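Look for chain A in each of the two complexes below; its partner is chain B in the first and chain C in the second.
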Partner chain A sequence: MIKLQDIRDTARDMLTKGEVRAVIGWQAGSRGMEAEPVTITDAAQAGNLVWDPTCYHNLSLYLVNDKKAQAHAKQKPVLPIAIIAKGCDARSTVVLLQENYFKRDEIYIIGVSCEGSGVVDKKKLATALNGVQPTAAAFDGDDYVVTLPDGSEKRLPAREVMANRCLECREPFPKEHNIVLGENKTGRGYAEPFAELAAAEAKSGADRWDYWERQFDRCIRCFACRSVCPMCFCDECVVDSIELKVAPATTAEEKATRTRWIERSNTRADNFVYHMTRAMHLAGRCIDCGECERVCPVNIPLRLLNNKLERESREAFGYEPGASIGAPSLVASFLDEDPGSWIR
Partner chain B sequence: MSEQAYEPRIVAFLCKWCSSAGSDLAGVSRIQYPANATPIQVMCTGGVSPMYVLSAFRKGADGVLVSGCHPGDCHYIEGNYLARRKLHLVKELLDFVGIEPNRFRMSWVSAAEGGKFAQVVHDFVEDLRPLGPQDKVKVDRS
Partner chain C sequence: MEKLIDKKRLSDWIAALADWEVFAPALEDGVWAWKPAGEDVRLEHSNVKQPPKGFAFPQREIYFSFEQIKGEAPKLTPKVPETKKRAVFGVRPCDGRAVPRMDALFDSEGFHDDYYWARRDKIAYVGLACNQPVNATCFCKSVGGSPVSTDGMDVLLTDLGDHYFAKALTKAGEALLSVAPGEKPSAGDQKKLKDTHAKAEAAPQRAVNDAAGAPAALKANFDSPLWETLAQGCIGCGICTFLCPTCHCFDINDEVTGTAPMKGNRVRTWDNCQFPDFTMHTSGHNPRESLGSRLRQRVCHKFQYFHENFGMLQCTGCGRCVSECPVGIDIANVVNKVTEHVA
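Our next item is the complex of A and B:
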């Protein structure tokens, strides 16, 4: 069981001693129970940090944003930046390190183990509470304790209202860390890994298309999945299709014949290409933090696509994303024994 | 207006060093094979981005073929090994969202295998015919 005070003390100590220039963590949100990401630079703010079941955000995104801000300002800070990382945040940080997005000594990982629980799924919680909006949520062993608007407290077993990604989580303990809080309870076995995926795969090809057709039709191309993903760090996304610089001298023919892999319009065909391309670009990099699915305003089960490729690369190529900083990338490496019997 | 018989349209990404030369050999050897494949020469199958495949389907291809050198024969030493891994994932993903697995295919055709190239295209067309036109992810311009 992690004591919130330990997290605050760690952050305060590090900022006071000048070991880090900032700490990325969570603070209480402005409304309801939800926490929000925060970057604190002043030791006095350490008391604002929180650690509760609504800390769903993958904070490694803010490491990426910090790096981008450095590049923009053409500055290279001397001190590292600290991040409070759950198991999934630590894994995605490892992928970023693997890709040399930043160096290991530029960051300081304060690991927090999810132990016997994980983050809450708001929809499941709303169902369990018949739509009552809690004002606070807290960990208590393997349970959550939520505070209701009338001031009463309600205890719920975490596994009943936990996000699916946490139920299927294989590594709730941040293996890569500088210091870590909480116990390692890896292998708690709430749900089979890839359980949702297996259910989706069990359907026939035609049924799968019926299902995905509805998902692709529904996408509004808000790009929330792309914005929230720490792995989608490209300055220019391939689907933005802005390679062609339109100048006064650009002819109509040049505009008409420019390379168009995909259009921005949200038709089914374009949404298909967008989501498939995103899944492919995350192959071997997605560590299943499930943020894309959480932020999707139209509830597209994006985890399924990423899980599919994660499991496929595990089974076919023995590749585990986010396992080791020194590992080669999935699609830039190969083995002689990669499956080839499907090729004619 | 009479109804035209359905002819599958295949986009074939052929590597410059083996499969393109193989298709040339099929031609100069006067081997008869269906004219449904539109060849696109690429320098190496390793350079075939998944987006090429997806974009071809988006633009209405009924089938996509990627063909390159046999393992070990790549002009760039390892391009076809990288393609094998990457396109395996594309194949699995297409199947997962419900695109018929027969619509995407990969083959190894060397410069000396004109007959094999003709056979690959022939088989592909025969497998595509019963599937009918691909309109699942074809962009709707109506």
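Our next item is the complex of A and C:
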């Protein structure tokens, strides 16, 4: 089991010795149980770092945001930035490295192994506690211990309230790391990867169509799924047309006919195009951190869409996203034995 | 008018509202949503994930349709909505307090928004008092509200165990309540109501520490470096804004549905100050490029600008933006940190 003090000491040492310019981790939130992402630049802040079952955020998003900020400021920092990375965070970092979003020596990975514990699913926890909202949550072996508002503690087996993404975790150990804390426990054995997807696919085509129509009707297009995704790093997303520069000579016709792939309206058709576009753009890149599904305010099961394409890329091309920095990306490579004769 | 209504007869009341469309909270995919009221309405919700603002101000509204036929003048067909009378059951007091705020906005500076009012004039809100805070992120009391507030409501229900104590507050509320089954509350019921409300108002909540001082303090801290610090984890999604009972910014677009002949709709959709294109100028310059400047905009709109324009804080303390933020940005904490900051 990881000792929180080890995480804090590691961060403090690195900042004190000037080995990194910042450490991306988690700190206690102001609103109750949940931790929140934080980027610390001062060794004195290392004592604020936390590690608990609410550290669900995939922090590689902040590596992307940091890179964007550096590019915007036209800066090229000398020191790397450190990230505290769970197994899934490390895999998405590897995808970003594969895609040359940043270079390996620009980042420093402090791996934290999830071992048997994973992270909590807030909705499952609310159900398990009959709506009582805990004030804190902690790991204890394969259990979570939550503190209730009256100060009492309640122990729950982690697997009962764990996020589905963690039940189906591909690899809880952050293989790619500079240093790593926690045990190398590969595989959790609670549920097969793609178990939820298989269950969803067992329904008839007509039922699935009805199901997704209803799900897309419910989408409010808050774009939290896109915003939280480390792979959704495009400067201009297909849903925002912000890049049309209007000069005095730009005609009304040009403004009116600029390409708008997806309307602002959250109609079923436009929502469908948005989610399908996002799913396709994540094929062979999504490593199932499940953040899109966690943040959806209306509980649309977005992992199913991304899992579908992840499994397709495994089955059709033997491709495993986030496995190796040296591996080419799925859509930028081919093998002679790839299915489909058109490639030859 | 006051009535004591047996909880078991709530569905009889709803059935008696034959000329109304009735909506109530129902669980859908694990989320409380506003649904047409069926036979089994129980009002056991915490709070509905989306506030009821969409009844008067839907996320998508068609202003008019257009059609260009060659050689003819463009044909415009207005689409001012025609709805039945609607009764929305189970509105929490924080969301009730959003109603006068939205009403003020859509009837201001000499402009009466026909689309908003065509819907709004036909809506009656049947509130449900919060006997205890429904969420750990509630902070209505510190922004001038109350868990038993009647603001914006046509009827307020209070849960007294087996019965609801119902009080009509407007003419529409009287009309609704007149067909409800139930009897005149006794002196004992009145006492029970008073005690329940007193207990509700005494329940501890999180707080914005100095809401009265917030408009001036925020104005003084416009250039504070804290905005960027507090927005450090922000991912720039639109949850806080779209789930807010009083956020009302909108965008207008022409959606083309056919090109021969050219036809389509001019639509109003909710817009969102957290999105990158919200303030994008035609030149390509974006005055609110950073996440800190967007957080500041939203917080100052709630606690300063709206107050300057309408004399009331826009935030009603429902806590949705706090509980639903994917990364823990907490408006009460932000207001406290910024207003207590000494430069």
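Heads up, the rule we're going with is that the second predicted complex is superposed on the first by the 321 of 344 C-alpha atoms of A that agree within 3 Å, B and C clash if a C-alpha of one lies under 4 Å from a C-alpha of the other, contacts with A are read in each partner's own complex, and residues count from 1 in each chain.
One rule holds in what follows: contacts are C-beta pairs under 8 Å (C-beta built on N, C-alpha and C of every residue); 3 or more make two chains touch, one makes a residue touch a chain.
Bear in mind that the values here come from a model prediction, so they are computed numbers and not experimental data.
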Inset, instruction - Assess the superposed three-chain arrangement around chain A: do chain B and chain C clash, or do they fit? - result: fit
Legend entry - Which of chain B and chain C A:Ala283 touches, first, second, both or neither: first
Inset, instruction - In the overlay, answer first, second, both or neither for which of chain B and chain C A:Phe233 touches. - result: neither
Inset, instruction - Could you say whether A:Asp210 touches chain B, chain C, both of them, or neither, answering first, second, both or neither? - result: first
Inset, instruction - Could you look at A:Ser30 and tell me whether it touches chain B, chain C, both or neither (first, second, both, neither)? - result: second
Inset, instruction - Determine how wide the angle is at the CA centre of chain A between the CA centres of chain C and chain B, giving a multiple of 10 degrees. - result: 90
Inset, instruction - Kindly classify A:Thr267 by the partners it touches after superposition: chain B alone (first), chain C alone (second), both, or neither? - result: both
Inset, instruction - Pick one for A:Val295: touches chain B only (first), chain C only (second), both, or neither. - result: second
Legend entry - Superposed arrangement (fit on chain A Cα atoms) - minimum chain B/chain C Cα distance in Å: 5
Inset, instruction - Residue by residue on chain A, keep only those touching chain B in one complex and chain C in the other, then list them. - result: 263, 267
Legend entry - Residues of chain A touching chain B in the complex: 200-201, 205-213, 216, 238, 261-263, 267-270, 272-273, 276-277, 279-280, 283, 304-305, 308-309, 312-313, 316-317, 330-334, 336, 338-340, 342-344
Inset, instruction - Could you please specify the touching residues of chain C with respect to chain A in the complex? - result: 28-31, 33, 46, 49-50, 59-60, 135-137, 206, 232-233, 235-239, 241-243, 251, 253-255, 267, 269, 271-272, 275-277, 280, 282-284, 286, 322-324, 326-330, 332-333
Inset, instruction - Under the touch definition given earlier, write down the residues of chain B that touch chain A in their complex. - result: 50-51, 54-55, 57-58, 71, 78, 81-82, 84-86, 88-101, 105-108, 120, 123, 136-140
Legend entry - chain A residues within the chain C interface of the complex: 29-32, 34-39, 57, 61-62, 123, 131, 133, 149, 215, 218, 220-224, 226-228, 240-243, 245-246, 250, 256, 263-267, 291, 294-295, 297-300
